[in-house]
Each structure stands twice: as C-alpha cells, then as structure tokens.
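The data blocks that follow each hold one structure.
There are two complexes below, and they share subunit A, which is joined by subunit B in the first and by subunit C in the second.
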Partner chain A sequence: MSEVAERKSGEPSALPSPKPPKRVPIARRRKSMGNRITPYLFLFPGIGVFSLTILFPIVKSLQISFYKWRVLPGIPSPFLGFGNYTRALHDPIFWRALVNSGFYMLVTVPPQIILGLLAAMLLNDKIRGRGLFRILIYLPVITSWVVVTLLFLYLFSGDGGFFNWILKDLHLIHQDVQWFGSRWPAMIAMSALGIWKGIGWSMIIYLAALQTVNPELVEAAAIDGAGAVRRFFAVTIPAVRRTTTFISMMLVIGGFNVFIQVYLMTEGGPLGSTEVLLTYMYRQAFSYLDFGYGSAIAFLLTGIILVLSGVQWRFFRPSEK
Partner chain B sequence: MMIVANRKYSKVLRASRFTTLCIGSVIMLLPFAYMVSTSFKKHAYLFESPPRFIPKEPTVSNYVQAWTTGNFSRYFFNSLFVTSISTVLTVLFASMAAFAFAKFNFVGKKWLFLMLLTGLVVPGIVLIIPQFIIAAHLHLIDSFGGLILFYVGMNFALNTFLLRGFMEDIPNELDDAMKVDGANSWKRFIGLYIPLSRPALATVSLFSFLASWDEFAWAITIINSEDKRTLPIAIALFHGQHQTSWGLVFAASVIALIPVVIVFLFAQKHFVQGLSLGAVKG
Partner chain C sequence: MKHSTRWGSAVAFAASVALLATGISAGSSSAATGNPVTVTFWHAYSSDGSEVKTITNILIPRFQAEHPDIIVKQVAIPYDSLHQKLLVAAAGGDLPDVVRADLAWVPELANLGVLSPLSTEMSDFKAYSQAVFPGTLATNYFKGKYYGLPLDTNTRVMFWNKAVFAKAGISKAPKTFADLKADAPKLKKIGAYLYGESGTGGWSILPWIWAGGGDITDAKYTKSSGYINSAKNIATIQMLVSMYKSGYIPNLITKNKSAIGTSDGLAKGKYATILDGPWMFPIMAGQYPNFKPTTVLVPAGLGGTSSVVGGEDVVMMSTTQQKAASLELIRYMLSTDWQLSMAKVGQMPVRKDVSAILPSIAPYYATFAEQLKTARPRIPSPNWQKIDAVLDDRLQRALNGSMTVKAALDSAAKAIDPLLAAQ
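And then the complex of A and B:
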C-alpha cells in the first residue's frame, strides 16, 4: 500500500531534475514555521492525557516516596526524607523480591531473543504455511496474561497436571512435583510461562527488521562461499544489531516488571518466597495502604531499569558509525 | 556435480526447517488446545491420566453457564465498550501527535519527544500508586471513564513512537503539492497522512486494542462494582471463587480470546509491514 504510494510520489520529483532535493525541505520548513501554533494543536490532546496519566504520576510518585503518605484527605502526611528508601534497603523481603525479579529477567530474556530470532529466520523466506506458523507462534502474545497465567496454573497443577504427566512419561521425575509449593519450582514455572508468551513478540520484531536486510548482501556472502552458519553470524547478526538492542532493552524492562503471573499464581507465597518487586509494591500500597513505601520500591525499580537500559545502550551502540 | 549436491542439501535443509517449525508450533499451540478441550469437558476438575485432548462427552454447558449465570455476557460488552473507545482515542491522538513530530519543527520538540520516550521506559504498573491517587481525585474510581482515560495515556507513547517513524518516511512532495493547492494542515493530515499510514495504523490499532482488552492490574485496582468488571478481572475473580471449575474458567477464557483472534487476523496482513516501516528499522 504505502510502497506503491512512495514509488508514485518518488517518480515525478526524480524525473525533472537530478539536482539534490535539499531545497524542498527548506521551503517546507519555512512555510510550516509560519504557522507556529499548528503542531501544538496536533500534540495537545495526546500530550495532555499523557501528562496527566504518566508524567504527572512520575513526579507525584517521587513526592509520595518521601512521606509516610496518609490515604485519607485532611490528615497531614509526615515527611520522612529518604526514610522509605533506607527501610527498603534494610528489608529482607525487598531483597528477596529483587532477586526473584532479577532471576525471572535473567532466565526469560535470552531464550526469548534466541528463539525469537530463530523463528524469524525460519519464517522470513517464502515457505509453505508461513502465515499460519507466524500466527501460531504469535498467538500467546495476543492472549491476555490472565488467561495464559490461569492456563499454566492448570498445566503445572501439582496433582495430575499436564506437565507432571509429561515429565513422568519421559521418566524425568517419579513423583508429582508441587510446582507452586516452593520458591524455585514456582519461579521456574512462571519463567516458562514468560518465555512461552514472549517468543512471538521478538519474532515479529525480528521479522520486521529482517525485511530491511539487503538480500544482495546475503547472496554476495553465499557466492563468496560462506555457509549458512557463517552468513548468519557475518551478515544477519550485525544487520539486526539495533533491533537486538531494542528487543533486549524492552525485554529486560518487561522482565523486571513481572507482576500478573506472580499475583495470580502464588500471590508471592508460600510465605513470601516468590514475592517479586511489583507484587511487593502492590501489597504495600493496596493491602497495607503504605503508599509511601510502595512508591519508594517503585522508584528503586525504576532506577534499576534506567541503569540497565543505559548500560545496554552503551554496550550495543559505540561501534556504530 | 556441485549444483546437484547443493540442491540435495537445500532440500534436506528445507525439510528440517519445516519439521522444526511444526514442532515449535505444536509446543506453542498445545496449551491452547488443552484449554479449548477442557472448556468442553463436563468434569474438568478431574485430571485425567493420560491427559485427553478429545473430551469423552463434549458439552457446551460450560459456555452456556459462563455466558448466562456467570454474567460473562455483561463483562464481554463492558470490555468491548472500554476497549473500542480507548482504541479509537489512542489511535487518533497518537497519529495527530506523530504527524506533529514527523512533519513540523517547533520549539521544545526534542524535549517533548524525550518525555515520550520516558513513557516507554516506565511502563507497566510502576506508576499505579500515584495513578490511583489521581483517579481518586478526579472521581474516576470504579468507572469506565477511569479505565479509558488511563488506557489512552498508557498506550499513547508507544503508538506515537511507532507512527512517527512511519510518517517521517512519507515523502514531502505530495504534501507540498497539497499545500500549493491551499490545503491546511488538518486537511493534509486527514486526506494524505492518514490514508498513507494505513499499515502502521493497523499495527497500532491492534496494539491499542490488545493492551486495553487484556489489561488487568489497573482494572482490578479501580473497579469495585461487579457489574463494571472487564473480562480479564472477571476471569481472574471467577477463578478465585470457583477454584476447581476449570471448564468454566476456560470457557470464559475462550470467550475472551475470540475477538482478539478475529481482530488479529484482520490486522495481520499489515502487521509486519507496519512495524518494519515504523520504529524498528534494521
């Protein structure tokens, strides 16, 4: 659709004069600068809602995190300074939640990237059933977290659940595993869900990126005698480098934001052993009404995410010219 | 000689690729197959060993019960209402903002865009505490308005970001031609940029639709009344009340999944193209 439009529009301007087309944008810029309010009018509704629902809450959250916040209006909230933050750093459950969130992130991100890229590579060329395969692999992505979480709760059920049956059939275990009865089995079950649900997402992003890889480059490498594996590492991987950065950053953020699975599968239990940062934040806020402490946890999480995003940005970027 | 060997090689390669894909797809599909089959079972709380994918006596009674006495018809239309309005508003606002970012120069543009990126990095429920306080101030607790307003805000950044990348690639020549004819910005936006952005619009509409239709944390936090529940929270609470009625839970889940699949099938033609021309180039 748009390809056609682009080609059509490209032709007339390319035909009359082969001069560099730089003059057009300058003229355009001058014209649009004449009407200064126009862009703000286009921005206003969206930025307005965005400011109210996202930007203002960021500021508000920072403010709340410095108080022992009183939920009821009229009662003054005592100022604590960094009290909520130091409390978190001395709170063993906070650290356990951080380890659990970090574990979930570390275990789920690499498989999603690798399997997503693999699926995209396999489905990039025209092969039979391509559309169907894509939809099947993407289906978990579009299904709501609630549905897939309950589904995995059922599959991982301790007494005669589907996974236990398979594992017993393969003679990997001899007794039913109570997946949600203790910390690490529960974390593994939740991570399995995270990987399964996320592969399709990175596949689609990689597919989009692979469309822009120049096929001549791959062909040239093939003519030079590079095998499929060499071509993959020498041509494809560098070509999708920016995409990999993007995917990895988004997945690390998503990994640390793990919430619904834990909330619905174990509620952080047994005995708080599977608590992750966001379930702990949520519990502090909406079970104990400690909005200040909850906000401090949220800000610590945001800080971790920002640092990790910055590190990845640096790590992947500098070699680009 | 070499060519023959090559051909044989590629035939093997193709066959193994096809096999890999089949195995992968089966793994992806298996949980869904099990869910659908369970939703047609009468006594799904009984685990069968070995698990059975074709129900012994298939029945639609779970669906009937979920839809009628389970009140899922109500939740379905609640979700549909909230999701359609949120999606239309998000896509409209995001495409307007994307147009401004892509085709205008204005004071504070860089700065505004940076704020938008902040919204991408701080997603999820990290902001749920202040958002709850704001919603309470605006008397939006326990209302569809509270859901819609915040869904639009939550989805705005990503969709603007994707659409901006796409609109930037639309060449200026057409735009200039319309300007010469005296068309103002709004006319050019409606008459030129919206139609040319159709693949990207399909993509962001799908994203917005899914994000609102599947959203759980915000809805369960602000919705208290039973008759205002959306599907995700209704399903979760339903599971909480009927721990073992898996047939009913999965019947409700399938009901929630059907519109998603339909919308996706409609949008998927444009989907990859819309993404590749948008933000994620190379």
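And then the complex of A and C:
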C-alpha cells in the first residue's frame, strides 16, 4: 500500500489505473523499440572487449588443451582428447607443483586473515598516527611485484643477506642459510613475501567490516561480563563472518595462482623443486611451446580452485538462526 | 526517447566501432612504390650498451645516407628471449627481415625453414665468404648451403682480479688446473671465491672439459657415449664439483638468483676469476670505471688451454618482403666500416683484414686473439639446444649431489646419443 503511495508521489507521471490494453500508435511503438536497443548499444563495446580479450582466449585454450597444438606453420595438430589431462595426472612434476602451490596457499592465507584482522582491530581505535599506520601497512599491497621480489631476493640472500644477518645476530643460526638453495627454505622465503604483501589488503577490508559491527552488541557483551578476548570471539568474529568468507576465498584463489615471486626468485629451481602450477604451465607453454599441455594444466588448476571455492562457500555458509 | 537521442546513440556506436577498427589496423605499413622500405633488424645487443649506440648514432645513419630508399629499424631483444621470440614469430608469421642470431641457433633455424640461403640468394656471396675467417663461415653451413654470413666472433678467457690475488699472497694468475687447486684455499681465507660461473651449460662448461683433455662427442658429432663420460671428463667435472662443495665456487653456478652476478662479483672482489668475452671491457669501463680487468688464457689441464668459440651470424628470414634491401644491409654489416666501428666496442670482427689490425684498435683483444687459436666451436646441430639442456641438467644434479659425477655423465651420454643420431 505504502509502495503505491510512494510511487505516486515520486514520479510526476503517475501510473494510469488499469485499463484494457489498446493498440499503441506506431510512433510510440518505435520509441519503445529504440529504448530497448540503447542499453545494448552502450553495453556492446564493453562486452565486445571482454569477449575478445577474456572469453575468447579461455574458450580457445580449452580447445587447445585437447590437442597436441603445433605452432610452427604448416604442421597439423593431432587431436588427443583427454590425453594432455591424463599426462598431467601422471606427471610427477605436476604433482610436485600442486603440492608447492598448495603449501604456499596454506602457509600464506591464514596469517593474512589473522594478521589482517588483528591490524584492523588495532587500527580501529582512535589512536594517534592511526592514518599513518594504515598507510604503511597497506603500502606493500600497491607496490610492484617485480620490485619487491628483487628486494626480497636480496634480503634472503645466502651471502650476507639481511635475514641471515638478523638470525645470526639472535644466535638462532650459526651459518648462513642458503634460502634459495633448496626446496622448503625457498618456499618459506616466497611465502614470507606473499604474507607481507597481502596483510594490508585484508586489513582494509576488515576495517570496513568492523565499522558495521553493532557497538550495542559489544557493550551488551561487556555488561554481561565478557572480557576483551571473549568479546572478540563471541561478537566480532561472527559479525565479520561474511567478510572472512570473501577474504578467504579471494586469498585461496590468489594463493593457488602464485606465479611472479616463484618465477623471479627461483624460476622453479633448484632443478624444478619449487615449481608451482603456474610456473610449470608457463614453462610448458612458452619455453617448450607445448601449448596443449600448458592449457590442460591451466584448466586443471581452474578445476581445483573451483572445488576449493565451493568447499569454502559451504564451510562459511551462515548458519540458519 | 526522442528521435535525435536514438540517432545520436547509433552514431556514437558506429563511431566507437570505427575507432576500434582503426586502432587494430594502425600497425600495418604500406609498401607503395616510391616510399622508402623498412628493414627490421632484430639483435641482442643490450639496449643501453655501446654497441647499440654505435649502430643507431653512426652506422645506421651512414647506411641510410647511402641508401635513401631504405629505413633500418633496429630492435633490441634480451638475449635470453631472442631465440624463443624467433620461434614464436615464425609461428605467428611476423618474423623480422634481418636477425643477428647466435651461431648455435643457425642450424636449428635453417632446419625449420625460416632462413634464406644466402649462398644462392646473394649474387656476390663468394666475395664476402672469402673475406671472413673460414671457421666463422662454417657456422652458417647446413645441408649444402650457407644460411647466413658471420657477423662477429668471440671467445671466453679468464678475467682475474689482480688485487684480490695479491691480497691472498698470490702474484701470478693461475695457468693450470694445479694452480687453481692451490690458489683456492688461499683465496677462501680472505673471503673470496676462486671462480664464479653462472650455470653448467655448454658455454660455461666446455672450456673446462676441453682444457681437461676430454670432449662431449667424437670428431664427427655422431656419438656421445664413451666421450662425454670419459675418465678425463669425470676427473674435470669432479674437480669442479669438489671446488663447489668446498666453497670455492659460489652457488651462482646452481642458478641461485640471490647470488652476485659474475661481472659484479669480479669487480667487487668477491670472485677472484670469471670467464668472459671481449664485450666485458666496454661494460666494465662503464659500470666499474675504477676496476681495470686483466685477462689470461683459460688454465690448462691435460688438454692444454682451450675455450669455446662464440659469435653471431647475420641471417635473412625466408619470409622477408624486402629481400633486396635486407641484402644491402647485410653487405654493409660485412663491410670494413661496420666491422671496424663495432670492433671499437668489444665486437671482434670476422673480416680477416680488420682482424689483422685488432691490437691497434684496443690492446685488450690480444688475449682473445691468442685464445681463438685453441678455441673450438660447439656442436653444429639443429638439436644443440636440447643437447645443451641435457648437459646442463645432469651437471646440476652432480653439483647438488643427487647424482655422482660418473652417473651424471653416463646419464647424459644416454640422453645425448639419440639427439645426435636424429640429425
């Protein structure tokens, strides 16, 4: 009832009372057809560019993944069906890359969520320099991946690097650690970079979410005798649940898609031990020119991420109350 | 909606489509008669080096003055990606006209059919082929034809940091493998590595293998077993592996990206010796003007001193639309003018007449000219890239200890034999 009243007061041309439909004169019919086409005309360039640069390559890669795709002129590409996919599943390097990508994701996602939330909580109060700290923590997010990768290469250098120097100073190690000389130290160094670079992003999103936490709930909990920690777990965390879902899903996708740091810091080495799915795909497609196999790896990765996203969606689904 | 707005949006739509279309087709060039033609020249000189400056400021202007109907467009592509870029361009159909290609790629590219056989396309090929060193010309030979002309040659010699050696109490540069073994611990004591090397591919390792008296194939390049895993090679590689394990060779050799590069390490005194080419002199002069590099021949093992012959050939792509203009450019690159100008910036000439006056151009060429007498070319095979990859992989495993030296070389032999047989 009130809706009708609002509509009537909002628009100068009020809706006419229901009458039997009569034939609309030609002029008005043409006008309404123009009305219908205009939005599509405006959408066309955007959708056109999107289809050309994103949709088409995706569909084409899917096609390529079913062939042993030859790039050199004049040579036919044999159809393999699921051959590239079964080859990947039997490829030990593929599984190692999957483990490495998974390790990176598992090691970088929880700290980014936890530390991002903690930073947001700390910087939610009106303390002096709050703006400055927010900027400082967010700054790594907008730096260039290439630049910070080279920087961290230096910091983790096995020959007088910064972290070796600190660890020796604290007497935690006696000899320089060759961070990039073997698999797990290298993975740790690359994960450290990933965490450092991502905390600011989750912090900013949590900051926004924390603004929506009802202060009355927090007060009520305090009155009920809940301490700061209890309030945090009972009120804050459930209140930002949706945000946590979003951040978790985005970070998992990003984690599995790790590429630049691995490509620049170890190039998958030494001897392919730190290969991740995307560097392996890149190597297959652009170094060995085996585009079919590279595309298959890319789609397998897509499948894995889809499954993981689905799992997270169910896990974080708000309980019906 | 009014008529005018509907027409307006239709016009806007048409305009945006037209703009998109012109944007896409803006790259195509017209080859109308009377207009100058453009010859695209790909090379791997570093984009900020003295070679490119010489080319763009001196040589290309001179060439264009002589040939007003030709415009030369030079494109600098990093060496590591040039080879791959050529393969991709071959697939995409947008190859350049002229390329300065590493001589190791020429058989492979000729095999793919993307090179134009200069011996048949160029009417005066014979004159140019006789003006250059026969060894350099031979790198262009594939299945009865010559697919390019040599452009520059080079080899690796040992650069040593005199000051670092003096600090360790050593007055003379190492001359033999025995000297290296003796000097290494003394250098480690003062915190310097004996020898910095950035990998274990052919270019890095072959000087050592040959100086050690071994080889990786027989003389006719048909077989690897029995040669690459010979006792002499095992001894040579074992020497390098032991040096790596003892900390005399930095882990740059296992491609650790956080390790200091060879030339930086040498100039800074972290690496006592490296192997490098004549281009290092202009580069060092620019980057480390206070460091004066000194050179000696590669230390001798049971095979005497030896090194690897490098260099580039200039090739014309078979897909070029500007054949006559490209050949003119190639002729100019083989002229005394070009060869002499490039010799001044670290590019050793292939012309016999220019090479004869090398010492007057720069004294640092003396060691390289001497080393070229005992330097040898790598395997002229279309499969060289794959052979190189096998050698590199197995030696990496020997270095990190996952394979013994003997097992690594045996495994390399097994993998390389079919690659040699398949050519």
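Keep this in mind: the second predicted complex is superposed on the first by the 275 of 321 C-alpha atoms of A that agree within 3 Å, B and C clash if a C-alpha of one lies under 4 Å from a C-alpha of the other, contacts with A are read in each partner's own complex, and residues count from 1 in each chain.
The rule is short, and it goes like this: a contact is a pair of C-beta atoms (placed from the backbone, for glycine too) under 8 Å apart; a residue touches a chain by one contact, two chains touch by 3 or more.
The structure presented is a predicted model; accordingly, all values stated were derived computationally and were not measured.
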### Query
Can A:315 be said to touch subunit B (first), subunit C (second), both, or neither?
neither
### Message
For A:178 in the superposed arrangement: first (subunit B), second (subunit C), both or neither?
### Response
second
### Query
Of the partners subunit B and subunit C, which touch A:38 in the superposed model: first, second, both, neither?
both
### Task
Answer with first, second, both or neither: which of subunit B and subunit C does A:233 touch in the superposed model?
neither
## Note on the structure
In this superposition, the partner of subunit A with more touched residues, subunit B or subunit C, is B
### Task
Identify the partner contact of A:271: answer first if only subunit B is touched, second if only subunit C is, both if each is, neither if none is.
second
### Contacts of A:259 with subunit B and subunit C, given as first, second, both or neither
first
### Message
Quick check on the superposed pair: does A:147 touch subunit B, subunit C, both, or neither? Answer first, second, both or neither.
### Response
first
### Query
Which partner does A:242 reach: the first (subunit B), the second (subunit C), both, or neither?
first
### Query
Who does A:158 touch here: subunit B (first), subunit C (second), both, or neither?
second
## Note on the structure
So the subunit A residues that subunit B and subunit C both touch are 31, 35, 38, 42, 45, 154, 157, 159, 161, 264, 286
## Note on the structure
The residues of subunit C that touch subunit A in their complex are 1, 6, 9-10, 12-13, 16-17, 20, 84, 87-88, 90-93, 112, 250-251, 254-260, 270, 393, 396-397, 400, 402
### Message
Under the stated contact criterion, what part of subunit B meets subunit A in this complex?
### Response
13-14, 17-18, 20-21, 24-25, 27-29, 31-32, 34-35, 38, 47-51, 92-94, 96-97, 99-101, 103-106, 109, 112, 115-116, 118-119, 121-134, 149-150, 152-154, 156-157, 160, 166, 169-176, 179, 185, 189, 196-199, 210, 213-214, 216-217, 221, 231-233, 235-236, 239, 246, 249-250, 253, 256-257, 260-261, 264-265, 268, 270-273, 275-278, 280-282
### Message
So in the complex, the part of subunit A that touches subunit C is made up of which residues?
### Response
31, 34-35, 37-38, 41-42, 44-45, 48, 71-73, 153-154, 156-159, 161, 178-181, 264-267, 269-271, 286-287, 289
### Message
Looking at the complex, which residues from subunit A come into contact with subunit B?
### Response
1-2, 5-6, 9-10, 12-13, 24-25, 27-29, 31-33, 35-36, 38-40, 42-43, 45-47, 49-50, 52-58, 60-61, 64, 119, 122-123, 127-129, 131-140, 142-148, 150-152, 154-155, 157, 159-162, 165, 169, 196, 199-200, 204-205, 207-209, 211-213, 228, 239-240, 242-243, 246, 253-254, 257, 259-260, 263-264, 278, 281-282, 285-286, 291, 294-295, 298, 301-302, 305-306, 309
